[in-house]
Every structure is written in C-alpha cells, then in structure tokens.
Amino acid sequence: MKWIGAALLAGSLLLPPLFAGDFYINLASQILIAAIFALSLNLLVGFGGMTSLGHASYLGVGAYISALLTSRYGFGHGAAALLSIAGTTAMAAFFGVIALRASGLGFLMITLALSQVLWGLAYRMSNVTNGDNGVAGLTRPAPFGISLDSPISFYWFALIVATFALVMMAIFVSSAFGSSLKGVRDQPRRMAALGFNPWLIRWITFVYAGFWGGVAGLLYVYYHKYIHPTSLSTTSSAEALLGVIAGGSGTLGGPAVGAALVLLLKNYVSAYLERWNMLLGLVFLFIVLVMPTGIVPGVSRLTTRLRGGVR
Amino acid sequence: MTMSRRQFVGSVAGAGITSLAAPHFLSAQPSEPIRIGLLAAKTGPLASGGIDMDLALTMFLRERENTLAGRKVELIVADTAGVPATARTKAQELVEKNNVHCIIGPLAAFEALAIADYLTEKEMPTLGVAAAEDMTQRHPSPWFVRLTSTSAQCAYPLADYAAKELKYKRIVTIADDFAYGHEMCAGFQRSFEDSGGKIIQKIFTPLATPDYGSYVAQVKAGDAIFLGTAGSNGFRFLRQFIEYGLKDKMAVIGGMTALDESVLRNMGDEALGILTTSWYSAELDNPLNKAFAPAFRKQFKYDPGYYAGSTYVSGEVLEVALKSIQANVEDKKALMAAIRGSNADTVRGVIKFDGSGNAIGNVYIRKVTKSDGRLVNSVIKTYPDVTQFWTYDKAAFLKNPVYSRDYPPAKNLEQ
Amino acid sequence: MQFWIIQGLNSLSLGGLLFLLSSGFSLIFGLMRLANLTHGAFFMLGTYFAATAMRTYDDLNIWVTALGAGIAVAAVGGLFERLVLTRLKANPLGQVLVTLGMSFIISDACLMFWGGDSIPVPTPPNLQSPTRVFGFVFPTYRLVLVGCAIATATLLYFLIERTRLGAMIRAGVDDRQMARAVGIPVSNLFTLVFCLGAGIAGAGGVLGGPILSAYPGLDADMLPLALIVVILGGIGSLLGAFIGSFIIGIIYTFGTALFPELAYIILFLPMIFVIAFRPQGLFGRVGT
C-alpha cells in the first residue's frame, strides 16, 4: 500500500511537465517551494511542539540576502546562496536563544515580534532594502551551466531541492535525535530527568528549521525574481502555519498537502471565486471539525477504517 | 459581482483545458475575441480601488456591447489581493493560462514593480495604473505605458498653485511611509521650494498605524498641510486632524488620492474647502465625462474617482489604438505603437504619451464643494499638458536619483 | 510643555482604546486558555455595525449602539464557541486554525457587505468640539474614551470579584479540574465568558470607531495589539491588561513622537524583552 502511494506521488510530481502548460508548471514549482517552507516550520510546530508565528523571517531574510548580494554587490549566485543560508542559519541560532526563553503563547508572540521587527526594518531601511519598492531585476542561477529560466527547468530544480529537503528532514525526525525531540515535546520533565537537555534539543531544531526556511527563501527569490517586505509579514507566517496545521502537523506529508491547499486556493481558485478568502476560512473550519488532526492523518485513518471494514 | 466574470468562467475553464493539452496551438484566429486582463486588488486593504477599477472597465465594455473596433472582447479580472507575490502569479495566469492580448493595471507600485520584468520579458502590452516614478523614467519598458500619472506629476502643479496663487510660504507634508508617499512629497517639495516656499516638516507614518493622534499632535504650525496619502490611512489622519481642531488653524491641501471621490463619499462637511490635485475629477466639464460620470453614479450610487477613472481611460485609449490597427491585436508591436500614438480624447481630456510611455495631460486643481447634497471635487484651475518632468530639463532630471524619503534633501525643516 | 501634555493625553486615550480591545481577549484566555485569534475580527464587526447603524439613524446614541453591537457580536461569538470551539478543547493547534479561519470568514463577509471603502463612525455630536485642557485643545471624545475604559474595568472588576459568576470564573481560572469537581458547570461558563469577551470586543469596536473608522484590514491591525497588551500585562490578569494597555499607549505615543525612526518596531522590541526576561508578563500569576 505504501508503495502504491509513493508511486502515485512520484507520478504526480514527474508528470505535470510532460503535458501541462507553463502556468501549471509554475504553480507546481510554487507548491514545491511552499512545501519545503511548511516542512521546515513543521519541525517546530509538529515535532517540537513550538508554535511559531514568525517563520517567514527565515524565508524573507534568506531571499533578501541573496537578492541584495547578487543585485547590488556583484556576488555570484553560488557565493550569495552560501552566504544567504549561512546568514539565515546564524540568525536562527540567535533568535532561537531569545525565543526559547518562552513557550506556548509566549513563544508564538516572541516569534511574531521578532518577525515584525524584521518586517519593519525591511520597510524602513529603504536605502538598503529598497523599502516598499522591493528588490527587482533579479536573475536565476544557472547551476552547472544549466539555465533555470524556463518554467520546466525551474520545476526540475525545485523538485530536486524539495526531494532532498524532504529526505533530510525525514532523516532528522526519524533519527535518535528526532525521537528525543518528540520526547521533549511530550514529556519535557521526564526527558530532563533522563539526562537530556530539552533546551539544547529545541534550539538545535529551531536552527535546523531556520536553515530549511532559508533554503525555501532562496528558491522563493529565484522563482519570483523579486522580493518585497510582505514576504516577511505575519500574513506569510500565518499562511504557512495554517497550511501545516490543516495538512497535519507532526506528519511528514501533511504540511506539504496543507501548503499546496492554501497555495491553490489563493492562486488558482481565486480566479473563479471572488470570495476565496471566505472559502479558505470555511475549509479550515471544515478540516478541523471533520479531521481534528489535519488532512493527512484524517485521510489515512479513514482509509484504514475502510480497509478494516472490507475485511 | 461582474457580469464578465460569469461569462469568462465558462470560456476560461474551456481554455484552461485546451492550454493544458496543447499550450502552443492557441495562436490567433481573427474570429477569436480580444482578451483583456485586468489586475486589480479586489480583496485586502486596497480593495476599494480595485473594485472600482473592475466596475469602471466592465461598464466601459458593456457600453460598447463588449465589442471594440468590431471585435468581441473578453475581460478577465484577476485579484492580486494587494500582495506582490500574488500579483506575479496572477500576471502569469493571465499571460500563460488565459493568453490575454494586453493587461490593464495593477494598482499599487509594489505590485507593478513585482511583475514589470516579467511582462517585459513576455512582451505583454501593459496599460499601467500604478504611479512608481522609475517605471517611466530610469527603467522604462517598451511594453509599458501609464495613462494616469507618476507619483509626483500632479503634485508639481499644486505646489506651484500653493506658492504663486495662495501665497503659502511654509508647508508641512504628511504621507504614508512608502514609495508612493515619498515620491509625491519629494516632487511637491521640489516644486514648492523652487517657487520660494519652504517645507518645514515632513512626516511619514507607517502603513499600519493604529492611532494617528500622536502624529497629529506633532504637526508644526504652517500655512498649510499637504496630504500625500492614499486610501484609508489618509482618511483616518484627516479625521483626527479635524477632531484636534487643527483645520481651523491651517489649510489642508492634498495629492491625487488624498481626497479622491472614493474618500469623499464617506466624509462630511468637514472636508469642504480642501484643495487637491489630480488628472481627473468626476466634475470635469468635457463631453465624454459628462456622459461617463453621471452614468457611473446612476449605476453605483457614487462618483467615479481616480481608480474608476484609470481603467475607463485605459479602455478609451485601447479602443482608439485598436481602431487604428483594425483590432489586429496579434501583432503586439503594432498594438503597442498604436497605443503610444493614440492621442486619445478621454474623460480626463486628451492624453499623449512621452518617449518613455508616460501620459502628458491636463492636471486639475480641485476644491471640495457641495453639489446636489453631496461632496464633489470641483475644478478651479487647469494646468494643461503637464509632463512627468514638469518644467525641469528631462536629461538633468534623469541624472538625479529617483525621488525617495531623503531625496531631494529637505533643507528647510524646522526643529 | 504642550508636547508632553498633549502626547500624555494621547497616550491615555490610546491606552483606553487598547483596554477596550484587549480586556475581552484577556478574559477568554484567562479562563479557557484559548488564544482567540478571531478577536480582531469581532472588534471590527462592532466598528462596521456602528458605521452602518449610526449613519442610517442620524440621532442614534453611541452608547446604545455599543450595547447593541456588544449583544450582536456576543451572539456570534457564542454560536462560534458552541458549534466549533467546544469540540477542540485539548487541541491548541486546531484552535489556532479555526479562530484564524473564522476571522478570514468575518473579514471577507465585511468586505462583501461594506465594500472596500473606509467608513467613518461619527463622533457623538455633543462631544465633537475640542476641550481645553490646561490651555491646550484636545478632542473631547478621546477623554471620554479613557472614562469608558475605566468604567469597563470597574464593571469587570465587580463582576469577577464580587459576584457568584465571578467566583466561578476565578475558580475556573485557578484550577479547572477542581472547579468541575465541585460542581461548577464549566462548559456553560466557557460559553458565557466567550460571549462576554466577544461582546466587549464588539462594543469596543463601536467606541473605538470615531478614532479608527471601519476599513478592511482593521482586524489584522488590531489583533497584534491585543496580543501585545495581554502578553505584556500578564496572561489572564485583568489588572495586567489594564495597566498593560496604558503602558503600551505611552510607549507607542511617545515612541513614535520622539523616535520616529523606530515607529515600526517600537511596539515589538519591548515585548521581546518582556517575554525573554519575564515570560509570565508584568502581572501574570501563571506562566504561559
């Protein structure tokens, strides 16, 4: 059963470029980027029990660093990408020290506050960030001399990065460290008594999540070739968080499904339905009432029950 | 909401499948309709303007029974939600999925800048509404024209008027802290100070400002305050300004969106007497507008303003261009050349395009008065054929940096 | 001198507004441990309600409007709590999803009914002319707003400290299991408190209307402010929300006036410090 699912998934990821128009390929690329971003947030929310409302910080800062280095300071894409990811990860290490002083709603608020500060700086420091005009005129990299300018080539690139990210995050959560993370989420006191350092485990996860958030940011800026302070806004963070929860936090597939759902409602369904915001809200209500733990756990429970019924 | 929406849903669903199957076989047949894409923020904080843009363009097409220059027209409206990334996806949708022949919009500078490179790359004829200066100055695109005005274009005449006719000497400016506000206030300052006035204070308020009280209390006493604002923020500032009793102490003047008809329709008599500047007013006395504004008011119960005017003028310019090329929109270069050479007579007066695609047209100084029980912007002076460079030398103008928060530097601020 | 007096009064009036906004949020969080992210939308509903009601009926009193909006929004909140939130008691992530989802629904419905324009809420006619304070003019309505906040705080204080209902709420806040064990109908109490919190937000939306106006995005502007006040003051502490409101009012007003460069971050920097060094807030009894 698992293999059939995997084959279906692989098929749906590999097939679009073969027959779909550019618009759909681009939509698929955006879904992949949103999925990486949601997966990285899920490390915190689902596996670490830390509900962050400021994850867009990493996406936005990753994107801004690359954008500014390449467009303004003449860096090549390779060096800019490395510096951008290093910078984003360092920021996560620093923010982690501050944010992990709180938990629960306090954690949510402190991550929100940190991201609001960055958002404010991106707006206000217009001599560096170009403020509200955003940074335009960006290019995509050409790894190994292969141009990513066509929708299809970018899709393959995004697919490779997304697959790699998924594998890396799957290894992370299924490793011994991942088990201790889940232990800290559910039984922090017991884990501490067993000699684990809950703070350190959370902090490492926070940094790792920030790292992948930065990777998503790189892809984001490559894709859009433009970056604007709204990418750092609470709305962006909230959208990702809602995707994670709707898809099923604490599962590997859930956040990707949830991110795809939000992105499609916002960018595709909105062409046919003027009240798409309302639909988005209703879909969230529906999901929680029918599948309180999210789409992926809900659907898998449903299929198990169905198969059980057949037997 | 719009009648075109329901029509296009059917056809687009069909086109979507076609383009899925064979994206490259959609090249033109003459019997096909002309597809016009409108990028408008119909949700989010900019919704007021976006909705009006949609209403006016739909009305324009309906008046012509959805036919321009003898060819059927299909309007596809895409909601950008006022977010740059969404604007980009929506632009891609219009270009790659709906195969539009030209695009009108979007409204906000940051939306327009997010998609400018893309539309140029796709060689998509675009009739812009957003005011970002550089889109027709240091970074013009052969595929882009703007038939509204740059951020500062309408501010120059008002500054001139304030200095020469109203004899104001000291003015405070206030605007939202983003490029549109920076550019407009910079242009106002430059023209006003060149005419001998002084800008004694420049206030920029963050976009999300919960309470304007603390800003109102900072306003220094001058001859007037210039509002470089747009939408709800300026409206809220002005109400607080009046509540603090300051309108009795200094005059209020405003840029092209500060007391737009969409703001005015929600204000009371406290707005009477305020002077603003714009390339349009619902009160304009020309035959085209005498037909348009009352018809719009009859249908939607309020006056058209900047946003409704912008797409209606776009429609008028497009129609003239289409007629001159027998509606052969498939020849994009010819379409673009026709748009640039359209010299169309529109509801805002005749507009021409300069070399970088920006409108040269009348700018009107307007005063809020009462007519038939409602507030209107009645025109008190017309500055004919204003260009984006005002009276300055174009080459020297373009050598300077683009207007910003700090450029040109304000030298007469009072501590 | 004028600067300090006027901005001081501004701080007070903003503080009053913030208390009307955040007290309901604090009440709900204190008892139910539920971060109601629909709160901004409830507030906005009240403002739109006032904009329509007071523009339709010219001589409608703002206090009557506030009462009406309070009851209407309380009803909406009660329905939401009964139909949706009761099913999600031990599911904080689910609560985030539905409360934000609900706020999307409300704000889109407002856009549908009221359009995208900013609609003013008229200042009561007898409060329109500015008052002279120490020889400086100041809008009368803003002073009245401070009174509203104090009155609301006093009423809430009596409700919680002096009534049977309040005793039950306090018991619920301190120890939910124990309250249930001694026979307090916790479930009904939750609904009641949720209605009350939503109702205060709705009434607060009316009273804040003359200053804020109704516009799309008001909900998203207000929600972070409520969160900041509650986090600063201490979660679930009414006194904390009261004092927190005025502290934020002062920080914001003087911050934007004295350090305009910092206007964007002036509210968030102090919060980071408070959470980092005093996670329970200034007056919080319980950690988060």
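Going in written order, the chains are labelled A, B and C, and every chain counts its residues from 1.
The rule is simple: contacts are C-beta pairs under 8 Å (C-beta built on N, C-alpha and C of every residue); 3 or more make two chains touch, one makes a residue touch a chain.
What you see is a predicted model, and the numbers here were worked out from it, not measured in a lab.
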Greatest separation from chain A - chain, by CA centre: B
Selected pair, greater C-beta contact count between A-C and A-B: A-C
Intercentroid distance (Cα basis), chain B paired with chain A, Å: 36
Interchain centroid distance [CA atoms averaged], chain A/chain C, Å: 32
Per-residue overlap in chain C, given as positions that touch at least 2 other chains: 108, 111, 263-264
Multi-chain contact residues (two or more partners), chain A: 120, 123-124, 235, 277
Chain B, residues touching no fewer than two other chains: 42-43, 177, 206
Residue numbers on chain A that touch chain B, as the complex places them: 19-24, 26-27, 30, 120, 123-124, 126-127, 131-134, 136-137, 224-226, 228, 230-231, 235, 266-267, 270-272, 274, 276-277
Contact footprint of chain A on chain B as seen in their complex: 1, 5, 9, 12-13, 19-21, 23, 42-43, 78-79, 81, 83-86, 88-90, 92-93, 96-97, 109-110, 113-114, 116-118, 132, 177-180, 182, 206-207, 404-406
Interfacial residue positions of chain C with respect to chain A in the complex: 29, 35, 84, 87-88, 91-94, 96-98, 100-105, 107-109, 111-112, 220, 224, 227-228, 231, 235, 261, 263-265, 268-269, 271-272, 275-277, 279, 287-288
For the chain A and chain C complex, residues of the former touching the latter: 45, 51, 98, 101-110, 112-114, 116-117, 119-121, 123-124, 234-235, 238, 241-242, 245-246, 249, 275, 277-278, 280-285, 287-289, 292-293
Contact footprint of chain C on chain B as seen in their complex: 42-51, 177, 203-206, 208-211, 213-215, 217-218, 231-232, 235-236, 239-240, 243-245, 262-263, 265-268
